[in-house]
Structures are given as C-alpha cells and as structure tokens.
Amino acid sequence: YQLWGGCFQEGPSDVLRRINDSLTVDVRLYKQDIQGSHAWARELHLSGYISDADYEAIQEGLKMVQTEITDELSEKGRLSDREEDIHSVVERRLQLYAGEAALRLHTARSRNDQSATNTKLWMLASLPLLLNEIKNFIEVLVKRAETEIDIVVPGYTHLQRAQPIRWSHFLLSYAWMLRDDVTRLEEQKKRLMQCPLGSGALAGCALAIDRVRLAHSLGFTDVTPNSLFAVGSRDHIVEFLNWASICGLHLSKLAEDLIIYGSQEFAMVRFSDQYSTGSSLMPQKRNPDGLELIRGAAGLLLGDAFAFSCVLKGLPSTYNKDLQSDKEILFRSFDKLMDCLKVATGTVSTMKIDSGRALASLESSMFSTDLAHALVRRGVAFRRAHHAVGVVLQRAATLGVDLRNMPHQEYIAICPEFGTKEDIENLFSWETSVEQYTSVGGTSKTAVFQQISQLKDWLEMKETIVYNNNTKS
Amino acid sequence: YQLWGGCFQEGPSDVLRRINDSLTVDVRLYKQDIQGSHAWARELHLSGYISDADYEAIQEGLKMVQTEITDELSEKGRLSDREEDIHSVVERRLQLYAGEAALRLHTARSRNDQSATNTKLWMLASLPLLLNEIKNFIEVLVKRAETEIDIVVPGYTHLQRAQPIRWSHFLLSYAWMLRDDVTRLEEQKKRLMQCPLGSGALAGCALAIDRVRLAHSLGFTDVTPNSLFAVGSRDHIVEFLNWASICGLHLSKLAEDLIIYGSQEFAMVRFSDQYSTGSSLMPQKRNPDGLELIRGAAGLLLGDAFAFSCVLKGLPSTYNKDLQSDKEILFRSFDKLMDCLKVATGTVSTMKIDSGRALASLESSMFSTDLAHALVRRGVAFRRAHHAVGVVLQRAATLGVDLRNMPHQEYIAICPEFGTKEDIENLFSWETSVEQYTSVGGTSKTAVFQQISQLKDWLEMKETIVYNNNTKS
Amino acid sequence: YQLWGGCFQEGPSDVLRRINDSLTVDVRLYKQDIQGSHAWARELHLSGYISDADYEAIQEGLKMVQTEITDELSEKGRLSDREEDIHSVVERRLQLYAGEAALRLHTARSRNDQSATNTKLWMLASLPLLLNEIKNFIEVLVKRAETEIDIVVPGYTHLQRAQPIRWSHFLLSYAWMLRDDVTRLEEQKKRLMQCPLGSGALAGCALAIDRVRLAHSLGFTDVTPNSLFAVGSRDHIVEFLNWASICGLHLSKLAEDLIIYGSQEFAMVRFSDQYSTGSSLMPQKRNPDGLELIRGAAGLLLGDAFAFSCVLKGLPSTYNKDLQSDKEILFRSFDKLMDCLKVATGTVSTMKIDSGRALASLESSMFSTDLAHALVRRGVAFRRAHHAVGVVLQRAATLGVDLRNMPHQEYIAICPEFGTKEDIENLFSWETSVEQYTSVGGTSKTAVFQQISQLKDWLEMKETIVYNNNTKS
Amino acid sequence: YQLWGGCFQEGPSDVLRRINDSLTVDVRLYKQDIQGSHAWARELHLSGYISDADYEAIQEGLKMVQTEITDELSEKGRLSDREEDIHSVVERRLQLYAGEAALRLHTARSRNDQSATNTKLWMLASLPLLLNEIKNFIEVLVKRAETEIDIVVPGYTHLQRAQPIRWSHFLLSYAWMLRDDVTRLEEQKKRLMQCPLGSGALAGCALAIDRVRLAHSLGFTDVTPNSLFAVGSRDHIVEFLNWASICGLHLSKLAEDLIIYGSQEFAMVRFSDQYSTGSSLMPQKRNPDGLELIRGAAGLLLGDAFAFSCVLKGLPSTYNKDLQSDKEILFRSFDKLMDCLKVATGTVSTMKIDSGRALASLESSMFSTDLAHALVRRGVAFRRAHHAVGVVLQRAATLGVDLRNMPHQEYIAICPEFGTKEDIENLFSWETSVEQYTSVGGTSKTAVFQQISQLKDWLEMKETIVYNNNTKS
C-alpha cells in the first residue's frame, strides 16, 4: 500500500526501498500518528469536509488500529507490514476497519506536515522524561551535598591541587550545570508548542479549516506561522540535539572527574559493585565502565548533533528527503542521554567518598593563597604578597621542610608582615581555609548551605510546574 | 611582566610561550578587562580592602591605560607588549600610572574569574549587534514581501515544482526563521547576566566582598551561584556557537535557494552588480560569490561549534588551559556571522525578481493538487481523487497535451466528478490556486498579509526592548 | 555467564547492564570471534599450553557453536542469550560442547586484544565489498561516458553557465573521484593487516607463544608492534570512518548535481521510475528521494566519523570503555555507504540524459572564452582580449541581440583582431568549442577517450588484484 | 586592479569585498603563485604562445615582484595592496616591471587551476616540515625508552592499575602511533603530486600546451586526469585535515596521560619549569598548560576538519566560492599542529620520571594475573584460575592483609595448585612479572629492545628518503 504512484509505471527498486523506507524507525511514532489523525479527522469534520458517519468510522477505526499495533509491538517487538512508513501502515490498516471513510482521512494533508507534527508531539511527551531524570539527579546531588557538608577535599585547577574546598561544593557545581540544562530545555518548549498540521505539502491548507482549533485539540498552544517554514524546518530537532550535546558534555566532565578520583592514586571515591565491572583477564580489576561510557556518550551526542546540522547545511527550502534521518537521530540521542543520566545518578548515589583519604591529600602548599591573603590583610599589596609566598615555597623546598614546620624566622625574613608564630600557625587549618570563602558561590559552610537551599526551592517549584502543562500521550 | 613565577627557576620556553600567549586574541577584550578592573577596585574599596588614595590612583590609572591602548590600537592595529595576555598588559601598564596601588588591584581575584567576566561583558555588549543585523534583514524581507505580494512563483519540494506560491510567502519563510533566531539568542541572556567575578581561582572570594553589588555595578543582574562552576563553565560560549550554527544553517538555506533561483535555468532572480563577481578567464561570468561564501560559512560556523564542544568533552572540573581557545573561536564565529548577515541583507535588498519568468515556469501539472481538491469538494474521497489525477496526468502525457488543453471528455471518462468543462477551466488560474490557502500560514494574500502584519508588530516591539536593557561598553 | 566477577559481591545494576552490554551490536562479529578463537586455541596448542584432547574438543566445539549461532540468527534475527557480549556467549556455549576444555580457551587472552582482532578481521572481510561496489559504479560511469561521448552540455562554475563540455567529461569526473577513493581505502590495508591478538589486556602475552605464526594463521601479514598501542588504538576505525566521509562527500556532490540537473528548469536528466518516488498529496510529483538520501547520508557519515574521533579525544592510554562504541559506528557507516553506493549506481545507470535540452541550454555567451582565445591567437594580450569580450557582451546586451547575430562591424569596432565575419562565425560551434581542449584532462573527444582508456585499464588491473590477497570469511 | 569586470557596471559592495577578499590569507602563497606563474609563462613560451621577449620580461618581472613582496612582508608583516587576492597582486605588480607582457601571463589560465596548484605546491613544500617534527619527537621517545628501560611503572586500563609495565613500553606506544602518522601522511603524497595547472576554469586548457612537461617543471610527477575534478576537488585538503585530526588525537592522548601522571596524586612525572606555568592567584601552582593546550588542540583540529568537510557536503561540481575557506583552515591546522608537536617534544624531552614513586605505586593486587598464570602453568584451566584469584583477593581483603603477606595455607585452601610458599613468593617480583611478556610487542626487556631497534632502523631509513624527493620552495 503506497500513498502515491498514480503516475508511475514501475515501482521503486529494492535498493531504493531499503534506503527510503522508514517504518523500522518511525513505528515509534504510531501513537502520535494516530493522535494527529484523530485530530485531523475531527477538524475536517468540524469544517464540514467529512460527514458524521465517516468521522465516526475513522475515529473508531483509529482506536482499533492503535490497539492492534500496540498489541503487535508488545508481542513481536516490531511490525511486519510492507509499507514504507507508519503513515501508510496506519492508513492501510484503517481501511480494514473504516472502509471507504479511511480514504478521506488524508484530505488536504501531506506527509510533510503530518510527520513534522508527529515528531513535535513525541518530543512534547518525551522530553519531560529527560527533565525528570535530571531533576532526580539534582536531588541526589543536593542530598549528598547536605549530608557530607563537613568533608573537605582538594580542589583542583589544571588537575593540580589548588585550594581546599568542601566536597559538597564540588557536588553542587554539577547540580547547577544540570539546573541550567533544565532551563535551556524548557526554553525550547515554546517553539515545540507551535503545531505544523495544516501546512500541507508546502503551501498551506487548501481547505477552510481552523488551524488554531486543530492545534489546541492536540495540546499545542499555537500554530506555525508560515507553511514553507513549517514543513522544511527541523530547528526544534537541532535545538534538542544541541541541547543534548551540552548536557552530555556536563556528564562527561563529571565522569572524567570521578574516573580520576576513583583511581587508586586519588582514591577519593569508591564505586559500588553495582556500578563497576571486571576484567576477563585480570581478576583484581574494578573498572568504572559506566562512567567511561558516559564520557564516550558525549562524543556520540555531539556527533549526532553535528551530523544532523550537516544534513541541513545548504539544503533548499521546504521538504527534501534528506530530512528523513531526523527521527533516527532524535531517538538515538534521546535514548542515549536517558541511559547516561540514569547511570550517572546510580553511580553518584551509590559511590562512597573516602574523607580520610581526601584529607590526607591536602598538603601544606595549598595554604599558599591563605598566606598571601594574610599578608594582604596586614596591608601588603597583593602582588607583593603573591611573590613573597613564592619565595617562602622555594625556601621550604630548599630546606626540605613542610610549610607548617618551617621556622618562624624564615617567614619573617622573607616578609615581616607574616606576623607572630601563632598568627602563622592559625592559618594552617583546612577548616579555617574553606571558611574564608563566605561570599555568594563560595565554599564556606554558609555559602554552600545557601546553594543547597536555593536548589531545594527550585526543585520544589519545578515539582508543581513540569507536570501540569505538558501534552500527555 | 608575568603574573606568576615566584616559585619557578626558569621561564617558559619560546615554543610554550607561542602556544600559550593569548594577547593577539584577547587584546580585543581590553575595554572589558579595564571595565572589570574598575568595578573590582571599587568593590575592594567599598569593602575596605583598598584605601581611598589607592582606589583613586587605580581608577585614574585605568583610564589612562584605556586611552593609551585605544590610541595604540587605532594607530598600529596591535599591541607590541611582551606580556602573555591582556590582563598582564593592563596590570603592568597600570603600574606606570598608579604605582604601588596597581599591585593591589588583583587582590583575591584570579585570571580565572576575570577572564570569564571579560568574555561575558563582551558578549553582552556585542550580541545585540547581531540581533540588530538580523532585525534589519527581517525588515528588508518584510518590506519586499509587502511590495511584491502579487508575484506568484513555483513552490518546490525536493527541488521539483510542487504548487504555486506567492513570492512573498517564500521571503517571509526566512523572516520567521530569523525571528526565531532572535528569540533563541535572547533566551541566552539570562545566563550571560550572571557575573562570575568574585569566584576567585576556584573556591570563591576569600575576602568579605559583596558580589551582588559588584555584579550590578557592571550591569549584570545576577551572580554565578557556585565558584567551581563559574570558573570552569564555558556553556555560554557553547550556547552562542550552537546558536550561530543554527543561524548559519538558515542563511545557507537561503543562499542555496537563491543560487539555484539565480542560475540561467531558473532565472527567477538576478543579483545586482554590487553583489556579483566575475571570472578571470570567462568574460561573461556573473557569479554569486557572496551567497556561496554564506553557504560555506554555515560549515565553518558548525565546525567552530563542534570544535569547542569537542574541547570541552571529557575535561575535568574548573579551569583547564584547554579553555583558552574560547575567545578565538567566539570572535571568529561572531565576525563571520556578522559579515554573512550583511551580505545576505545586501544581496536580498538589491536583487531583482523576474516575475514574468517565474510565471512562465508554472506548468499545468502544478494544478494537480487543485484538481484533486476539486474532486474532494464534490464528495470524492481524497485518496481516490489523488489516484484519479494520477491517471489524468498519464493520459495527458500519452496524448501529448497540456492539462489545460486535454479534451473535457477525457476528464469525465476518468472521473465524472470533474464536472463541466467550465468547472475544470476555472481551476486553471494560478491566482485562484494560491488564493485557496487562506488558513493561517498559507499562501493566499490575506494569510500572507497576516504574516506581514505580525512581523511588523514584532519588529516594532523589539525596537523599544533591545536597546534598553543591555550593558553598554 | 560473566567472564569476571570473582572479587565482586554484587552484580551490575540493570541500567549499567543496559548501557554496557554490546551483544546486540557485536553479535555481527560472531564468525570473527570464533575464527579468532580457533586460531588462539591452535596457537596455545602449538605452544604447549593446551593438550591435544582439549584442543580438539575446543575446535569441534567452536564449529558446533558457529553452526548453532548461524542457524539461530537466520531463524530469529537475533540471539536471546543473556551474556553481555559475543565473547561471553561463545565461551559459555562452547562449554556445552567442549566441557572443561572450554575453560582453557581464554588463557592469556583478554577481551581487549580479542575484540580488536575481531574488528580487524571483519573489516578485512567486508571492506572489499565496498571496493567492489565502487568499481561497479565506476564501470557504469565509464560505460555511459563511452556511449554518450557526443553529447555536449553546459559546464557550470558557481552554478552559472561557464563553458560547454562533453557530458562524458562530467561523468568521468566522478569516476576519478571514486578511483581515488579506492586507492585511499586500499592504503589502509597495511595497517589492518597487523594482528593485535596476543597483546593481552595491555602488557602483551605472558606465555611464550609465536604471535607471528598466530597472525599468519588468521590471514594477517604482520603483528602489532606494541601491546599498549594494540589494545588502545582505534586508528583503523577512525581511518575508515574518515574515508567513508570523503566517499560520502563525493556521492553528495553527485547527488546535488543530479538533483539540480533533474529539476524541471534544468531538465537535463530524467530519473527512472525505479529511482523516483511520489507525493501523498500532489499527484504529479516525481521526487529524487534516493539522491536526496545520498546527499543527507554525507552528513550522517561525517557525523559518525567525528563522533568517534571526539570519543577518542583526550582519552588515556590503552583500553577504556569509551571505545566500545567503535563497532556500532563502524557497522552503521559501512551499511549506510553500501546502500548509498548501490542507489547511486542504480540511479545513474537508469537515468536518461536529454541531449536536445542540454544543447538548447547552451547560450551564445558561453562562447566568450572562445572569442577571447581567438583574439589571443591573433596576438592580442589575454588580459586585453578578456576585457574586449566584456565590452562585446555589454554591446550585445545594449543592442538586445545574441552574440551570434551581432553585426560584424560591432566586433571590429571593439577590437579589429576579431577578424572577418567568417572568422567570427566559425567560432560559433559547440563542437569546435569543446574540441579545443585537447590537452590531458580536457574535454575534447580524444582527451576524454584517453580518460576512458586509462580507467578501463585500471578496472582491469583491479579485477585481478583485489580478489587475491584478502582474508576471506 | 581586478581580473574581471568587463561586463559589470558597478563594483562590489564593501561588505561583499570584506567577505570575498582573501589577500590576508593567500599572501602566504605568494612564492607558490610566482613559482606557478614562472612555469606557466615558460610553458606558454615553449608552446609558442608567448614571444621570447615577452617571456623574458615576465620571468625578470616575476623575480622583481618576488623580491619586492618578500621585502615588504619582512618589514611590515603584510601587504597593503587593495587587490582581492594574491593572484591579482602579482599580476598588477608584474605590469610595473614587465609592462604589456604581463597582460599575456594569464592566457588560458584561470584562477581556479592556479589556486589549486598553489595550494598543492605549498603543501608539498610544507608537509615535510611536519614529518620532521614528528620524527624528532619519535627520536626523543626512542632515546628515553632506551635510557630508562629499567624503570617499571603501573600499567593502567580504565585508569585503574592493571599490570606492571616498563616505562619505555609506554613511551614507545606513542612512537608507534606517530610512526603510523608519518606513513599515513606520506601516502597522501601521490595525490598531491598531480598538477592541476592547465585545467583552466573547468574545461581544460584551450591551447595546445604540454601539461606533463609543465607539471614536471614544477616538481610534480603527474597531472590531474580530469579538469572538472581538478578545479573542484579539495580532497587533498580534506585528507590532510583528517590526518591532522588523527595526529592531534594521538597528542591529546599523550597529553591526558601526562597531565594525570603529573598530578600530585600520581606524581610519576614532573615537568620542567620551561614547560610549566603558574597562577596569578595561587603562588604554589605549577600547571601543565602546554599539555592542556595540546589536548584542546585536538578538538580544534577536529573542528577544522569537520568544518571543511561540511563546507564540501552537497556542493555542486567544479569551482564554487565556498571552497575559498580551504586555505585559511589549512594554514590554521598546519600551524597549530606544528606548535603542538614542538611543545610535546619539548615537554617529553625535559620532564623527569620519578622511578621510586612509580615503583611505590605498584601494589600487590597487580600480581593477580601472574597468580592466575602460575595456576595455568600448573594445569589449572584459565577460567578456574581467574576465579580462584578473585577468591584470593576477597580473602586478603577480609583478612586485611597484603597478598604478599597472606598466609600460605590460605592460598592452598583456595587452590592447591598455588604450590609451595616459595613458589608463591617467587611470583612477587615486578621484574619477574614484566619479564614474562617476551612475545613480540610485549613489555619484557628483550621485546622492548626489539621495538627500539625497529624504530631506529625506520628512523635511519627515513633520514635518507624524506629529504630527497620533495619539491622544495
């Protein structure tokens, strides 16, 4: 059953069919296709293009088709229809139930606007699942941050020990990245909410229908403003793929941090058995495969985003078959990201932090900035203080002593403003060090609790919003 | 003059310096660097870490430095300082004017938060320029659409003639794409509006300053919520690059359409001399080089976006030197897109549309959908109507006649619902054809005017908004 | 059945398993996995680590497993084993047939070297299929070029008519591109021919085996020179993906040319029904979907290549689980390219060229270069000749005449060296024009025949080479 | 001075010029442009299209122009000519010296074939510089490997300690990667060696010249076989960019390894002051900025490769202005890679390995595979041995003892084949462990020396080859 071909004398070659057919991919949209067909039939009926009887036959028939396909998929995992796409499958099957009425369903509709609509409906129904996974993950991060607020760990820049920070501050840095990811994905909704149905093949709908009513009946808030744009645009897919690639980058950063922190050398975290794997040759191995797959997934998500943008580059207006790959890439990226979020959440919620080991990693040179700031507080210009501490470090290295054990007179000789022996000794506390950073976004306890409290408020607010205003399917 | 090195015994090698130094790139941020330093000094002063005299010396000194650099750049096009980056240049030069006070400027500040702040300030000042170019372009499109509303041209799908459309409908499809680009770029602003200054190297600010006051003094509305996130995040750059790549895709589509429409075979448009170039070998050539460069630029913008995301992939937390390429890529993409928008606007505003040629390109097979819809209006199921018209086309081909000249009885033989000879003849009008598409987003005159009117309202609204709430620099 | 886990107390979580398991992908390598295991068992046996009986049991068992899996796949299309990968499936199933002996198969082997070997074996067996498709395509191009050598068509630069060329010259330009693709892919073979087996997990083989003998027994010519490099390198995959993306670019260029040439405006070619599709709404449409999918595929192939490179970016030495995506991407790109090559070959071999229409597209301004060269032959400096022809074109435009009809005195007035009326008239022949380009690579008949002859020689030579020296599987 | 414009009434707009002009980029090719012009003039002369006097004037004039431009560039760093490209600059300046003869230089030549030739000449002259840098780097690696062969370090998979390896084995793994990079780049030479000159704008050369003679005079071995392919192909650029991205990936892997090994936690290597940088805020910091920039450069190189491939995607045949970006990207990638290679070589040749610390990192669980192999040698099936060692590890953990200190009876209880106390104790030697891997590519001393010897032979062979057969410029 083919939706075209009246002026053809031969059918497509096997190899063209193989590359052209999309049923194995777009079968995933069968609910949306049927949902859109319900709405389209209703609108044709309200506008007077379909009789009551035909309308009823179509509506009933579509329900039967939906049940039928749902059953087949749950049984066999796939459809064995010979049609090229889900639109053809639904229309052919509809004929079995609705007879002649089925032949009226596609009136003034094109697969161009139909397919664009299906994808948007699917995204509106599915993207909230991603948002939820992210929120779950943020919750895990915030909860750990709260519980483990007293743990101080080395903070790194350039993977070199820099300054001590609270472990919670580290965890929260990811909560904020992911919070922004939620915000960014939500911003895309207003464009997803524009319904393309009624744009026809390219020129619009040739019949006098009410596109706004049609859109509302599908849960959209608005209609696409120009039919050429509507059938040719895949901007919402590009936006999503770009978004997924940013989110993937965040997860890859976390994976990299944790893989390093989980090495025997850092040994700051230890992953649960549930999120570790072993080696077929080396019996002692515990590998963070899940995190590595997440790190790799960032590359795959980026590749998908750029693949599809590259498909769009230099493409003429309106529909061209190049666009067909949109769904395969969309589903692949969506699934990949869902899995990554789940593994990340599972890994983080089950891993152990070794606070003793973390503390042991803090070494006295990490007090350098504190020494410099101490001088600044006593009136030394910062640039001079910075230099003086450099000299202190060199001197300690020459003497082969820890900063904490270097004789007081050595400090004074370099810079008298270092003050008394006690002044200096008072600096050598990790707790004191982190507690200096009280301004917003800093690593002191109050500043970290402020973050926790803000994120909790945000999570609570999201709870009520996200679930209310999405089309369900 | 180097902002570090106290504990080093040897300087960096020449080759490390060459790859490491960023002055040739970040000199472009000198105003932002100085602007940020003004604010930082002010905040240190308000918080009691810098005396009145030092503060005044720094403020006066910074002004001198700014004038000095501005003059040098306008004269020689570049700075010949030997420092590695603009931060070091400004601080060293400041010493000449402010003396010892200059050594206090960097108190509790790191190049990590400083550089992140500079870039955001630059983006807040510069992105509105892009928005303006896009709005200018939309205005040109809307104006042409209004003036040339009576011109009917072939609409294509798959680059095959499909249905007649209004030329204005085509122009407006791009106006809408670009309108969405504006919206998307504006959405990024709320994240750009978070000031990273006061995040230090990674742990926050060790002194008791007021980051919110500081942020406001720079025109930001908010502060970054976590210092680790603040110094390590380049999400705003990624967002911008991804955005630029979408905008580039839109322009590449327009370029492709116009290059094809400007071929001698289509000959629908003709470009002005100002936007055409010739050949060094073939005297007759007129080439649309500008449009080809725009089409190519989409690839370059995508490449830049991909490049930078790939840089970020798998990077550990906080600042790593890999991030240094952010500015070079940002500036390159920004400049490229600005040029493309200008060339696109110039090309579209000066090209001529050949309405006669466009009309001549409309061929009777493009009435096929109209024939089908005519049958539908007489009660024929659409799928049957679609098939009947296929048969009509084959019959006309066999007879070797144009649809408009095929004998009436041939139609009736295929499907009696085609009606009288007059009924059929009435269909054969391009004006009638396009006027069917009256629903929102369609190609009828009213539907197109509705688009024009919406876009005009939007342009008017933007006029007042965009200019008010941006930080100026 | 899990090849590890001795020191674990809990199994992997469901979500980790879902992201970690690769059986659905690497089942495609079951023959290679078994082939490699045959060879490994043989080498262990020859080196004295496995008894005769165990060796025989393993060899027989592997054969049974292969038959069993082949049957299951041909029946159900997939394996329902619960193991995480094909290696585990084969080893567990082997136990059913070989008993205890099966537990000796993995001696001193790691999945790291095993998996790398499987992939190389697969590539060595499969890439020749691609080479064959390309050669078939080149044959089709060369054959058409030979048959249709008399057809002259417009040659374009910047999609603007430039100079007349032979249609065959156009076809052959693709034959050469593809010839280079063959050469490039063949160059990769020497690296594919290095066997990684015996590299263990990372440090090499701890038993005294003969890796060269082992490699030869699998059809490899050489062994990988360093075990760390061997288990961590996916360079051969990257090389292939990059290669596939170049080949995809060539096909996308052909697709773009043909889509444009197949538009009603150019109408230079017409595609067969077998390689065209229609519209669900517009009965008259004939769309070149196959070519559009090929054009789009170039983006997908590029995306895959860059995805995998991005996965590798910044990855530490040796095996990391990020590498696991290599096979999915490899298979996807391979299959996509195979389909594209087949559709391209089918489209080109069944399309019709409209030589009359092509001839009609040649317009007199395309003689401009010929006019300039005529002046050059009479001693006018080229740059002056180029300018004079520009003036001729402007004059003709002013007079509203075709170059061929412009009065002789007009030519003479612009440049006396144009010669007699007859001299000029003699230039106005498309055949004469193309026959000027006699130097190598030009569009004259002899120069084109020279290309045909070279390509035929090359094809003949390849016939004998390619089939001899590849490992078969 | 413009090489076209005879039929134009207005010049290009400023903004078109800005995007269109390429002089700032292609000035880098002035030597190649002049070199090509010398050859072209010579061929026109030999073929009888230019008189002796004109030929001499052109040759002399070109020399003057070359001197003049060389001087200007060394003085001011750029040309201030108003021409759009280097071709126009050379031709205009040539007129000053050669007068009317200069107007004959461009006879039958197009900027299309000229520019393609220039780029190939530049690549043939410049790529050997990259090869040399790589060879230098390999030499450094091989030399260190030889000197430091006794150092044993932990080998990692998944960044988890796996088996002990020789430090030299690690270094050599990179030598081999880079050796393959050399091979791959050399393979591209045969395609670079095909001269495009004489392909005209697209159709070939309209005059009877000898393209093979012309090609040889420029140092090429061959000519491009089809003029359309010649002017439109940028495959050699794509090949190079893809190659550079692979090479960049190798360097990024090295960078990642070394950054991690240089962290205070691993502390296996320490970088020299010359290849370290500090922090503006934290006096103690020593950052591996060079390595981080190398790691980041891999993303930039990949981005450039992707960008240019994306430019080519879907582009019609022959020359389109989109191709203009080829040179900017080529130069950028070339320069970036050169710098990275130099920094990598410098970093590796000056860093220190801490063999004591490395040794201390080896922990007894890394003997696990050795324990398993010991059982295998005593007849235990590998899979059982693997499991037994897993139990050993768990037992040791329960007892809280190091494997080396676990009581003998514990081993025997788990698996009697562990043998005597002495048997087990003999296993606990890192030297013994690495010396097991004697097969090719393994980490035993002989196997590593074999690698060193092979690489030395290869380096010696390369010495004589690379310098002989390249065109110099």
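Structural remarks
As written, the chains take the letters A, B, C and D, and residue 1 is the first residue of each chain.
Going forward, a residue touches a chain if its C-beta (ideal position, glycine included) is under 8 Å from a C-beta of that chain, and two chains touch if they have at least 3 such contacts.
Note that the structure is predicted; figures quoted are calculated from it, not measured.
When the interfaces A-C and A-B are ranked by how many C-beta pairs touch across them, A-B comes first.
More than half of the residue-numbered contact pairs at B-C reappear in one of the options B-D, A-D or C-D, namely A-D.
Rounded to whole angstrom units, the spacing between the C-alpha centres of chain A and chain D is 34.
Separating the centre of chain A from that of chain C, both taken as means of CA atoms, is a distance of 33 Å. Distance between chain centres (mean CA atoms), chain A to chain B: 24 Å.
The set of chain C residues that touch two or more partner chains comprises 3-7, 106, 108, 112, 156-159, 162-163, 200-201, 260, 279-287, 289, 292, 295, 298-299, 302, 306, 309-310, 312-315, 320-321, 369, 386-387, 389-390, 393. Of all residues in chain C, only 3-7, 49, 91, 100-108, 112, 155-159, 162-165, 169-170, 172-173, 176-177, 180, 183-184, 187, 190-191, 198-212, 223-233, 235, 238-239, 242, 245-246, 249, 252-253, 255-257, 260, 295, 298-299, 302, 305-306, 309-310, 312-321, 369-370, 373, 376, 381-384, 386-391, 393-394, 397, 434, 436-444, 447, 451, 454 touch chain D in the complex they form. Here chain D touches chain B in the complex through residues 2-13, 15-16, 18-20, 87, 106, 108-112, 200-201, 272-287, 289-290, 292-293, 295-296, 298-300, 302-313, 320-325, 329, 339-340, 342-343, 346, going by the rule given at the top.
Those residues of chain A that touch chain D in the complex are listed here as 156-163, 259-260, 262-266, 279-289, 292, 306, 310, 313-315, 361, 363, 365-366, 368-369, 371-372, 386-387, 389-390, 392-393.
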